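A quick write-up on the structure given underneath.
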């Protein structure tokens, strides 16, 4: 299996008026094609910083990040994101359709193809017929589905998500988790997710990268050896699920 | 009180006071011999005589032309400069004190300055209106651009939007509620400066007509000028409100939902 | 952006550059020999004017018109605004009328005020009142109506009367609205006081501006414009400062 993303010895420092803040220190790991990888760690550990580096919004002060063997210097082509705060990442002045269409305008697509993509991605996330609605007319869960649809519409090979389900209620959260697993199956997308919810990380992932310390280092990479397909009812009651979650929780808390 | 939720009832309730006021003015002034306050009926007759449509080509048309040409030049410059300065805080730090000072000068006070520059012709009026209209729009555009949510910009970058898209599909719409409020102030100021430039730089225009009427003691004519200007000022605001509400319907809908 | 230490130099640099451009344009540039005075002659005139009592009289007359007009407007507008805000019927009844007068700039009625008052201080005061009283009343009424309905409901449950509701719920809710209205009103009062002089002939800086312009005293015209800018800046800074001090709970 090929490597989709490789993070090689990445360090990140911020210069602030109070001095230099060292956020990440020599972080390295590899994400295999088609895998679902979660990044967890205590709050303030630098998960969001790592995400900004992965999406090319910031460049590391040392080390490099490669996507399919190519070092990234700006936002890579076949990568899409879903951010936590859907109210601030969807454009409130554009309808659902136009929100999804905006990034597509720069791909060489005919009008019909674009329309096709929009309809297909909305169908994938279960929002058929919502094209002409404005984001703020939809519930939080539905807005996050629109975010996912927008990401899928550009046909990325890598999907990066920042705390995607942190702002929705518990029931919606389960639905969206299963939606993300379905999307991964349907398109074979390599998925990276930053989360503070350990249960969610275990439920969704092939691998969990645990960050810890100040500056943060990779504490461990945990393989989640629970077979797919997973289900909310059974997987979460699985013996192995409980063990893994306890193990990861201990590392995040610094108990192990 | 539940009755007041109906639109028609609300309209009727809103309209009784103006009707009473006009009726009161009409009867109170009916037998007036005070030369300064002629009967409203006489003002109305003279209004019809003057403004439907005898003096429209020589006074109303130049006023509106100066107003709109000046206004649109002013807001175009305001948005462009405001966007440049708002997007680059480093540059704006140098311009801000000068802008701050210039906007503290009452807009009408600049009219004599423009008379020095350009003399008394229409060009002077258009430039004075444009400069006065520029500042509120410039300041609100700057403010709107500065308030751009970084999450929106990040989203745009990750989806590799072009600079053109970033400008017109992200930053401008995001700043538009604030820009619109600046555009409205600009329009009001442009209207005032148009009138002032006509009064000070005599000649054509409704403002000039009204002052000349006063100077030659044609009180009835002066009253029709005042009434026309009042109605025009009100009409401009109403039209502006309609355009703004249509353009910001996404914003209004969003806010309604939030409350 | 390391705020304060850089701010003053940046302002100074841009002010000096602006003056230099002005000077060069009027000495060698496109405006050389035009009726536009040079920066140095304007500043010299400004310096002279600072030692003339007439200048200070004019400044005081302008401030007087703005101040009296502002105070009268506040005394009328705030009680009226509160009363209108308390009743939905009164609010809707007056809204159209007040909105109408609110958007009509005072310059429109100057010809009439010249007839009634002549070019006097009173005319300036009247125009200032007309310019701000409607907007301030509407603003106050909006504030009173903005009070939290749950809070009002709660007070009613505890048997508190109308007076207490106004005192403890309506007025606190209205105060930020009134603060904004007052800030806008003060700037508007100064502007209208100048317009009253320039266009209506009322005494003060506006009138001086008109006189110097018609007499061809161009550097004096420019010097007065500079004074107006400084005055406007000072007044708006003062209002912001006072509001921060007095109503600290509406800091934003």
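A, B and C are the chain letters, set down in written order, and residue numbers restart from 1 in every chain.
Please note the rule applied: contacts are C-beta pairs under 8 Å (C-beta built on N, C-alpha and C of every residue); 3 or more make two chains touch, one makes a residue touch a chain.
The structure displayed is predicted, hence computed values, not measured ones.
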Least step count from chain A to chain C, where 1 means the two chains touch: 2
Central chain (by mean CA position): B
Which of B-C and A-B has more C-beta pairs touching across its chains: B-C
Whole-Å gap between the CA centroids of chain A and chain C: 52
For chain B paired with chain C, centre-to-centre distance based on mean C-alpha positions, whole Å: 17
Rounded Å distance between chain A and chain B, as computed from the means of their C-alpha atoms: 48
Contacting residues of chain B [partner chain C, same complex]: 1, 4, 10, 13-18, 21, 36, 89, 93-98, 100-102, 104-113, 115-117, 188, 191-192, 195-196, 199-200, 207, 210-211, 213-214, 219, 222-223, 225-226, 229-230, 233-234, 237
In the complex with chain A, residue positions of chain B that touch it: 149, 151-152, 154-155, 157-162, 165, 169-170, 173-174, 176, 250-251, 253-254, 257
Chain B-facing residues of chain C, complex: 1, 6-7, 10-11, 13-15, 18, 34-36, 88-89, 92-97, 100, 103-105, 107-112, 114-116, 190-191, 194-195, 198-199, 206, 209-210, 212-213, 218, 221-222, 224-225, 228-233, 236
In the complex with chain B, residue positions of chain A that touch it: 52, 55-57, 74-75, 77, 79-81, 83, 85, 88-89, 91-94, 102-103, 105-106, 134, 136-137, 150, 154
